[in-house]
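The structures considered in this document are given below.
Below, chain A partners chain B and then partners chain C, in two separate complexes.
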Partner chain A sequence: MKRNRSMVVAFALPGTLLFVLTMVYPIVRTVFMSFFAIQEITDSVDKWKFNGIGNYISLMKNSLYQASWINLAKIFVIGGVITLGVSLLLAVILKNGVRGRGFFQAAIYLPNVISAVAMATMWIQYIFNPSYGFMTKFFSALHLDSLAQIQWLGGDYKFWALLISYCFGMIGHFMLIWISGIERIGIDYYEAAAIDGANKVKQFFYITLPLLKGIFRTNIIMWSISVSGFFIWSKLFSPISADTSTVVPMVYMYDKLFGAENVDEIRRDAGIAAAVGVMLCLFIVFIFTVVNRLIKDDDLEF
Partner chain B sequence: MKRSKKWSSIITCGALITTLLAGCGGQAADQAGTTGAASSGAGGTAAAPAAKTEGTSDGAGSSGSFAGVKLVYWSNWESTEPQGVVITEAVKEFEAETGAQVDLQFKGRKGIKEGLIPALDADQQVDMFDGMSNKSNYGDRIISLEELIKAHDYEKDTNPVLMTLNRSYYDDGQLHEIPYQMKANGYLYNKDMFDKAGIAKAPVTWADFLDACQKLKDAGYIPLTTDDAYAMQAFGQHLARLIGDEEVKKVVNEGLWDREEVLTAAKSFEDLASKGYFSPQVGANVWPTGQNTELATGRAAMYCAGTYVVNETKTITGPAFRWGFFAYPEVDNGINGQEAMVIGNQSFAITKKCANPEAAFALIEKLTRGDWDVKLAQESLALPADMNNESWPEQLQEAKPYMENCTELFATSGGLENNPDITPALKENLMKLYAGTCTAEEFVANMLAASKK
Partner chain C sequence: MWKKNKEKSVNPFNLKKELALAPGYLVLMAWVGFTAVILIWVIAASLSTTGDIFRGTIFEFSSGLHFENYSRVWVASNVSVYFMNSLLYAVVSCALLILICAPYSYVLQRFKFPGSGAIKTMLAATTGVPVIMVIIPLYMIIARAGLLRNEISNRIVLIALFVATKIPYTTIFLMAYFENISRSYEEAAAIDGCHPIKAFWKIVFPMAQGGLITVTIFNFVNVWNEYFLSLLFVNSEKLRPVALGLFSMINGMQYSGDWCGLFAAVIIVFLPTFILYVALSKYIVGGLTGGVKG
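Moving on to the complex of A and B:
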């Protein structure tokens, strides 16, 4: 069939232009902005002052920014293990003929359809509140006073309270992705394994897990994207001004871009904010590259 | 056949490009009716010359005859908030009286914070706005109001300290924002608890304050609580009493946490914590937990914040709650007294794009003077802007003498929140200090570590 180049151009051009305007241009501009001292995001280019890698250097030296990345790394690694591990476990259990599967699947997914603001408020006010929260009441009822007295929203435990709340909401989402992956695996493999005497645990480690490699890779990348955009939960656990234990790069970027609250002179720095954005982008690219190198799923066909 | 195909390709291509451009375009000046934050992503546009609003007529004369004038007014309130409700009514009356047409848009605090500057820079028409007196934040996007206040003889009816404060926000020393919805910071307290504890007079000195705390504790009340968001206010004002707010700013910006006065202030709070004056849950109070579930519900007696708390908690406290207020107590070896305090305000401003500042100012004057100022203060339980308005909300009566006697201004939290990069560490360590889980020495050491000194 003869290709009509004009038609190809006609159909490809609008989409390409749109992509360049809405995706490529902002990215390129943000990268450029990160090398300049800029007060407002809308400042014209003639107001930009070249700063070389000054924005990156000052960020790397800033203890609050360092804390934000440490928090992000903890959320990524610890939260990732909890979320992906528990969601995989639940997916396997639900795929093994549990009664009321539909109900449990819907119930576990439910937090995903509730606004993060409502979810965080629920956790802060009804679970972790030190006077009437569930944790305090529950442990008091069991006479476990040392556990009941834990101030979950105090400086020492606030990060963990945040992490537990966030992971709780994310498990359902990843569980569904695992389930879709498990459903791709033919029942024949499990039947053959059962005939050969493999129990459920062995079936999981020798059949399910190897055949979920592709899904595993997808989930890690999805998790890294979710985590790098971590913002609302941090803001709700530390309203008005950021907190060392819950600050993440996105919150730091917001405060630099729009100015922190409760200060006498609001200082904005779009150049620094752009540099944070670039580093977050590089974080995702790095995770994507490493995961693609380490986890290959083209060695198995099923 | 081949020729017609070629033509059809060109036409299709042209149509698609036209559609694309039509979809992307249309960001002309007449966007008065658009809503939202108008975030422009990474894109930046140079501030274009002021575009005239449709229907405006330059120099429309004095208030009372602005027929044909259209004003676009962005408000940082929500339409359902008391301030939003009163402003809506006042604007309607203004329209009826003057013939002006006001496009009032409630953007909320975030809408102003995130969207106003991008909107103005993108040549969107906004004639006036109310905001949080954002201290040089708007640069030359808003106009100086000196000539207008002179022409209207406006200044004489506003608290002079607040006029000074608002002039100090701009390098040229001129007034760019008109103050209203004044607030004073200090200790808000439950008068019933004070009465029952036998405290006849609001504390003036630190010794009075300690005495009040002890009496409240003896009467079975929790004397003090706070929230993480306001944790800096008490410590900041305490330190500012000792060294002044300019020195406090130096401490937070230069990491001078090893100054003797910092330890002295920390010791005072360590003392409060060790005597059990703070709520046992204070270390875990994420705003507004302390404010709403301890102060407003009558579990705790005192809360260091601004007078705005009265309005924020009124649905919990109900009308019977008896509020009291006192400025931060004077401390031993301090360099200032209760005449120095944190006060502030919301503000109105007129943008450079406004073609008829006279009309915009007339509306501002309407909202900040006379009946509407009274109504705004009464409905939002705030302090009136007009000094001639004697009818302060009952709940804030005790703040009045402090406001009137204030001659020295402290920066926000006595200057303690001047460095946003150190505020998070400060907040965390202050909450530990208040909760009694860290000593004054540990507080100083932690802050030195956070400042990398």
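Moving on to the complex of A and C:
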């Protein structure tokens, strides 16, 4: 057993050290920093000024920050309904015995392995382009001129363009997770239901959906984690400066950390940036708690 | 890759059944068709001219196929530099992650030692913590130590960050694989007098191959496409990875006006992970659907 002990030490030490130094310690320090006013990110600790919950209060009062949370809430709720709903639909279709399932599955998952910058470039420079873009060409070919004239990248439509393109990429990932859940439901449930005369729609609502409760819970929590890290898509849709229609907390935090080129309103403060991070964490914890309360495990064995 | 597919095609063709599935086929075809349209259009645009893109005549190739778009952005727009940087970061990070996390994950799964329970809980919890919770203090320490002023130390910092931020995910992921490997192999090795460290690398590690490949693909794709950490920690144009390089190209587009070049760069960035995906998609799909607990 002595030899095992030497192995445990040799194997566990590097990983634990790295993990504590680069994850645990910084997380604790970020929480600590969120209560201080820190003008420059590189300021030494003696220059920090204790600010209590002042950072949080000034954040709440800031209109751009409010806008960033409204956008995040919209992405979480509307984007969540679209992403989880469409991915479940695709999963059910794929599990209903269509031919070429492997191919469809792989093709729908594909956007997840592509760089978000490359994906967003395709959407912005091609799909939504007002002169030669897909949307314009597609709707004018159908003679739906009012739809063809929509300026996707300007004003009111920019947020929706952002949301659609983001969800399109995420759907494949959630679809695979739904599929793995459906695969664990025994075929005999469906056979028994079919004998009793339940059609596919009824089977879906009375067998598939209730038995997917656990996966549903996991997916909502995973969606909240993905959404809280929302950054690059917003940056690509508004590359120059944060824009109220597309700003999200991560973008606001980045500007607070390094300053924005042309937003006077944003004064650099690393303490406030840390507070944004803490609030994003609290958002995930909140969703986690609510989802675990609402969707209870009811010991269904299958 | 098409194993499931083959099982299905053994089923005899049944017109009534296929007709019932028609709406499903329609949705899938529309979805995949849309994806294909985007890709085909971008590939065609990358081989045409900026003039053709704006006239909407990219599929005519009236002046031939412009492969020089690729060589132009590869050399003149520094895409080759970004490409090599990303390759370096991804390969080194993936190798380090396996070297650190495979043994780590193994002892966490197999043995109880003081703090092992707490470590497991914290690892699982940090997979859900947004990366901005760690980067502010890390940036503070790294910038104050002057590590971003020198090219080599800046590269080391980047790789260290890519590794550090993926340790929780990689370790947790691999634990599920080690769980499925019977202990009897190590017990037999111990009876034969083999040191447990040697037994791990010689016996258990190769048996976990499937999990190691899967997690390496995920890590490679993640590091290749990484944007946020590099945006913060890359201090020189020479060190930019592809995502950052592409982003700076897009911002420069309004001055250079080289749209066909931009699409060529998009394809160059897209290809490595796409090829990896097509070649190894069974590991990706299997890895995602195998490890999730409801």
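Rule of thumb we're sticking to: the second predicted complex is superposed on the first by the 274 of 302 C-alpha atoms of A that agree within 3 Å, B and C clash if a C-alpha of one lies under 4 Å from a C-alpha of the other, contacts with A are read in each partner's own complex, and residues count from 1 in each chain.
We take it that contacts are C-beta pairs under 8 Å (C-beta built on N, C-alpha and C of every residue); 3 or more make two chains touch, one makes a residue touch a chain.
All values derive from a computational prediction rather than experimental measurement.
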| item | value |
| --- | --- |
| Greater residue coverage of chain A in the superposed arrangement, chain B or chain C | C |
| Which superposed partner A:Ser245 touches (first chain B, second chain C, both, neither) | first |
| Chain B versus chain C as contact partner of A:Gln105, first or second or both or neither | second |
| Touching partner for A:Ala73 - first (chain B), second (chain C), both, neither | neither |
| Contacts of A:Leu209 with chain B and chain C, given as first, second, both or neither | neither |
| Which superposed partner A:Ala194 touches (first chain B, second chain C, both, neither) | neither |
| Chain B versus chain C as contact partner of A:Ile53, first or second or both or neither | neither |
| Which superposed partner A:Leu142 touches (first chain B, second chain C, both, neither) | neither |
| Which of chain B and chain C A:Phe237 touches, first, second, both or neither | first |
| Touching partner for A:Thr30 - first (chain B), second (chain C), both, neither | both |
| Shared chain A contacts, counted only where both chain B and chain C touch the same residue | 4, 6-7, 10-11, 14, 18, 21, 25-27, 29-30, 33, 41-42, 44, 125, 131-132, 239, 274 |
| Parts of chain C lying in touch with chain A, wherever the complex brings them together | 1-5, 8-9, 11, 17, 20-21, 24-25, 27-28, 31-32, 35-38, 41-42, 45, 53-56, 100-101, 103-104, 106-108, 111, 113, 115-116, 119, 122-123, 126, 128-140, 143-144, 160-161, 163-165, 167-168, 171, 190, 195-197, 200, 221, 224-225, 227-228, 231-232, 242-243, 246-247, 250-251, 259, 262-263, 266, 269-270, 273-274, 276-278, 281, 284-285, 288-290, 292-294 |
| Residues of chain A touching chain C in the complex | 3-4, 6-8, 10-12, 14-16, 18-19, 21-27, 29-30, 33, 41-42, 44, 89-90, 93-94, 96-111, 113-118, 121-122, 125-127, 131-132, 134, 137, 173, 176-177, 179-181, 183-184, 200, 212-215, 218, 221, 225, 228-229, 231-232, 235-236, 239, 250, 253-254, 257, 270, 273-274, 276-278, 280-281, 284, 288 |
| Interfacial residue positions of chain A with respect to chain B in the complex | 4, 6-7, 9-11, 13-14, 17-18, 21, 25-27, 29-30, 33, 40-46, 62-64, 67, 124-125, 128-132, 151-156, 237-245, 247, 255, 258-260, 262-268, 274 |
| Sites on chain B touched by chain A in the complex | 5-6, 9-10, 12-13, 16-17, 19-20, 24, 40-47, 113-114, 117-118, 121-122, 134-137, 228-229, 232, 280-281, 283-287, 289, 293, 411-413, 415, 417-418, 420-425, 427-429, 431-432, 435, 437, 450-452 |
